[in-house]
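Following are the structures in question.
First subunit A sits with subunit B, and in the next complex the same chain sits with subunit C.
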Partner chain A sequence: MRLSCCLCILVALALLPGVLPRGTLESAAYPPEEKPGERNLAIVVNLNNPVENLSTPELRRIFLGERGHWPNPYGRRITLVMLEPGWPERAAVLSIIYQMSETEFNNHFLHGLFTGEVFVSPKTLASPEGVRKFIFNVPGAIGYLRESDVDKTVKVIRIDERLPDDKGYKFHVPLR
Partner chain B sequence: MKLSVASLNQAFLRDKQSNCSTPRWTCLLLLGMLGVSPTLWAQQSEAPTASDSQTIQLLLQRVAELEAKVRKIDQLEARIKQLEGEKPAPAATARVSSPAPAQTNTPSEMETSQQEMPAVAERMDLSKTLLRIRGFGDITLHGDDQKGDRTSFSLGQLDLFVTSDISEKFKFLSEIVFEGGPDNIYGVTRGQNNVFAVDVERYLIEYSHNDYFKLAAGRWHTAIGYYNTAYHHSTWFQTATDRPFLFNFEDRGGILPIHSVGLSASGLIPSGRLGLHYVAEVGNGRASRSPLTDEPVQNVIDEQSHKAYNLALFARPEAIRGLQVGFSVYRDLLDPLNSPRISESILAAHAVFTRPSFEWLNEALVVRHSPLGLSRTFNTPGFYSQVSKQFGSWRPYLRYQYVNGSDTEPVFPDVGLRHGPSAGLRYDASESVAVKLQYDYTALRRQNAVNALALQIGFTF
Partner chain C sequence: MSKKETIQKWTTGAGSWANVPWSVFSRYSSALLLLLVFCTVTVVGLFAIRDLRRADLEEQNMFTRSVLSLHRIAALQYQTQETRRSTLYALSTADSNLHVKYADQSREADHLVSEGIAAYLANARTPNEIDIGRRLQRDWSAYLSVRDEVLASILEGSTKEAVDLDLTGGVQSFDRVRHDLAEIERVYDQQASQQLASVDAISRRTILRVAGVLAITLAATIASVWAIQRSRMSGAIQLAKLQMEFVASVSHELRTPLAVISSAADNIADGVVKGKDELRKYGAAIQNQSRQMTELIDQILLFAATRNQRNHFVMRALPVSEILHSALQQTSGLAKASGFCVELEIAPGLPLIRGDASALVRCLQNMIVNAVKYSGKSRWIGVRAFLSDTELHGQREIQIAVRDRGMGIARLELPRIFEPFYRSPAVVAEQIHGTGLGLSLSKSIAEAMGGRLTAVSELGAGSVFTLHLPVVEDFQTNTDEHL
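Up next is the complex of A and B:
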């Protein structure tokens, strides 16, 4: 009995490398490379938007829909862009900026639209590429992207005078 | 390794021969593992590095081929755009003038331009509707011990909330409500018990110039206090099964001009962290001959040229998120039949604190009626306080309300004194469905107190 148990364990140990999925081995040998800025969440606007900096309270008011227009002279209607539920970026925004759950977020905008205080509901898009394209095309749009997903078609604004790479920047997102 | 596996096999066989009492499961496990071991060993033993490098080479070759195809597609798209795009889209023009470098002729731009769907063209596309519809409804089982009342199931208001973004600055908003039962206007009942009717409760076109100035025309909920503009006709939004008595609708025995038709301006007041807002309204006001008319809200024709005015100011200080404090002043001149005109003033104040998991609503108001030519003014004070706290899906709540109208009140002599507590429990069965159970105790002047119980399911769809 004891011998058979020992044999079992020995056999199992001997076969373990073959049983493990190959991806596990590969990931152990070659950990995925983290792109620069992948953990930073950039707040992005349309290239024509002259706004360079927002304070955290201002950003929160915009994301809550309490501000409907960019300040003059730009004056464009603000269109908030959100990623679909399930994206870590969205979860980070709900946690950091809204401090709400998904349900609370949905109720907030439903109630805001119902009372008329929120002029337009957020636009929900399926991917960071979609967010980039939408913001590129809509002058008053604002959204969020991983810094590694940002390209020259959108403009990153400072939050509390800090860009995503700056020390003390507050908006971060877990790796995908 | 092969040797060791073979020796293990032999050892196992020896062990099996010498010890017939070995449990069957151990044998089966060993047999199973040994059975698969050659396969697994074969996977490992077939020169893994050479195989992997071959696979990598194949994959790299495949990636290169796909990249070449993508480049070809991009070139074709660019060519198509060049042939079709004689007239550049407005967004493309903006792009050229934008400060970003090298924004033309890139594949990403081509992809982007494919996504462009000019809003104007979309709005003019008659094959699409621009309406967004959200619905609210409720069904209630209620009963009380007041003489003549019967325990009943009641279909509540079926509320269709319809909006449309007309343009960047204009928006349409409406609430179309189907509701059953007779109306009760200042104590006068009209209509049949079980017939449904349609009311357009809100009907607004809004112009939003900026955050400091918005203008709306149509029919709205008057900005008296807080409750009236926070919950409108949705039972699902409100914590309790019903509105506080003070804010009952005109056709449900309410004493306020809940709705009005006219013009409304609203917006922020530059006030930094204080978060001041204003609402200024001018409208037809409430019909003062309501018992004799069909509709207390003067939708089409005002009974007089004098207009009602309302001014509301409130603050949402940044330091205390969820707090709103404000007041409003409403003025109108009523013109009842067979009696002198009555000056009406409604002064209201509120302090509410609302967070997703906690709410505390406090409102007080006084309705003042001063018949012209008489020195007497009739004051009807009222208030309510409501507190609730969310525990998971459960939300217990308490409310106390009070209103005290004079028996000789010239406009609503039926109201009198009524006050009492309500206690309830709301259960959010899903994100869109709430079940509420509420008990009300209402003390009345010179009448027996009323105990009432209501079970309601409220939902949005």
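Up next is the complex of A and C:
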């Protein structure tokens, strides 16, 4: 009896990483040590992009793939960059911007690309570093990073005239 | 400075180099020539070594520069290719993560290329190198701008657009970069060829110098050998000449008494001599001439014995007065016959000297006879014995000086008068007979007694010959030393 209980606990622990989102597991496994900007989710674009501010509806349209190009004179094709599923940043974006689940998100792009309503298919990258490098290399790229992952190779834009550190900024991520 | 002082200085070895006669140089010509050869070869050798070192350094520098240049150009070529290769790799995949990875690699490589170009420009020395470097910098920037667009297109997922961009702009601009790199390589080749030619020239010059050194050394060695042989031959000829002169002189010295003895004997045999008085007179003449001949032969034998170092002197402590009186007694006949006044001065309380009595008497006798022979019209000889203030080999010394007021000796002759068989041309011209052995013999005796013989002279004023003998400090009077 005692042996079967122990086995059940071990099996449950082994299955846990597949069930829980990655950030949640890490948060559970390691005590959080919050760094400045750890919870703020910054919207980042290429350094050459002249856009400084976007409203939440504009941001949503871009992320939904409903806009193909940045406004003139820049006019570069918009490339949307997402982190792979499992990242808390992705979960936050799906929740705050898309207001969709993972499945709804996938269906939205499958349907949109098929019907031509969506112009941009998001690029999925494995890490925030990849996102940062992608945005650095692609003039029309837009993506999201924790504020602590941002460096000088990318540019943070205001959302509704607010930067991540500003009061009233709406985009936050659960702790890692 | 008076003339006498000058002479004194010369005899004591304190004269200036300007006063050194040429004969001294000619005597040491071989050694001086060898020294000159050594100095010349050393100087030229040092030049050759300096040249060799310079050539070696040039070669090292050239090698280092060539290797560095090759390394630099190879690194540039590799990194430019790597920049392009990574970009093209990105075309071969649809994975965004791999796109980012290749883009990253391409950027790392292009960063290294930019650094390499900057290093090349920093080391560029000629205007041509600077021009090529700047052109490469421009062409590389142009290629990078195309490359950035290509990468952006690939990352956006527009592969066709990326290929079109690369074909229209990327290939051409990259070809220009390759052309620039090839030109840099050609410049490096040219520079290496020039440096090689320079090193070759230095090497040839060094070989010539080394050959020159060897030639000089050979010539100088031949000259030295020739000079040494000549010097030896000249010495041998001179010795032979002196010996011939000696034989002639001895023959002459022997012939005169022999002629007297012969004619006296003839007269006696022919019955020309009558009466006891005449016979006694002839006998005395024969006796006198025989004694002169015996003395001459003794002197020659003594000289020969001294030269062969077969002399056995009986060393003992001697009072100076004893040997002086003995020598004066031996020469008194000659001095009286020539009408000489001998002034003797012996300082009171002189310590004993060490030596062989007969040898020292012979030595002093020679000095006195010389004074008689070379006094000219003067009929005065001064003999003085005194304790000197100076020391000889750390011992006090007694000096016995024999002075005359005769013809004196020329300054150039002074160093040679102690040479065996040497006779001054002036003496020969004056027809003063002698063998040229007296002073040489006296000098040998003085040195065998642990002393020395010196001479000071002034032409036309006279000479002083001084015998220096060490004082006996604690000599056992009864002990005889045999040398």
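Structure notes:
Assume the second predicted complex is superposed on the first by the 144 of 176 C-alpha atoms of A that agree within 3 Å, B and C clash if a C-alpha of one lies under 4 Å from a C-alpha of the other, contacts with A are read in each partner's own complex, and residues count from 1 in each chain.
Here is the rule we go by: a contact is a pair of C-beta atoms (placed from the backbone, for glycine too) under 8 Å apart; a residue touches a chain by one contact, two chains touch by 3 or more.
Small disclaimer: the values here were computed from a predicted structure and weren't measured.
Of the two partner chains placed by superposition, subunit B and subunit C are both touched by A:R77. In the superposed model, A:S95 makes contact with neither subunit B nor subunit C.
Judged by the touch definition given at the top, the superposed model places A:K123 against subunit C, while subunit B stays out of reach.
Between subunit B and subunit C, it is B that contacts the larger number of residues in subunit A.
Look at A:K133: by the touch rule set out above, it reaches both subunit B and subunit C.
Using the contact criterion defined above for the overlaid structures, shared-chain residue A:T153 touches subunit B, although it does not reach subunit C.
Within the superposed three-chain model, A:G68 lies in touch with subunit B and out of touch with subunit C [touch as defined at top]. Look at A:N53: by the touch rule set out above, it reaches neither subunit B nor subunit C. Judged by the document's definition of touching, subunit A residues 77, 130, 133-134, 137, 139-140 lie at the interface with subunit B and also at the interface with subunit C. Contact residues on subunit A toward subunit B in their complex (touch as defined above): 1, 3-5, 7-8, 10-12, 14-15, 17-19, 47-48, 57, 67-69, 72, 75-77, 100-101, 103-104, 106-108, 110-111, 113-116, 119-120, 129-130, 132-134, 136-137, 139-140, 151-153, 155. Note for the complex: subunit B touches subunit A at residues 1, 4-5, 8, 11-12, 15, 19, 21-23, 26-27, 29-30, 33-34, 36-37, 40-41, 43-44, 91, 94-95, 97-103, 108-109, 111-112, 115-116, 134, 161, 163, 165, 168-169, 171, 173, 204, 206, 208, 210-211, 216, 229-230, 232, 234, 237, 273, 318, 356, 431, 460. Taken together, the subunit C residues at the contact with subunit A in this complex read 96-97, 99-100, 103-104, 148, 151-152, 155-158. Contact residues on subunit A toward subunit C in their complex (touch as defined above): 77, 79, 121, 123-126, 130, 133-134, 137-141.
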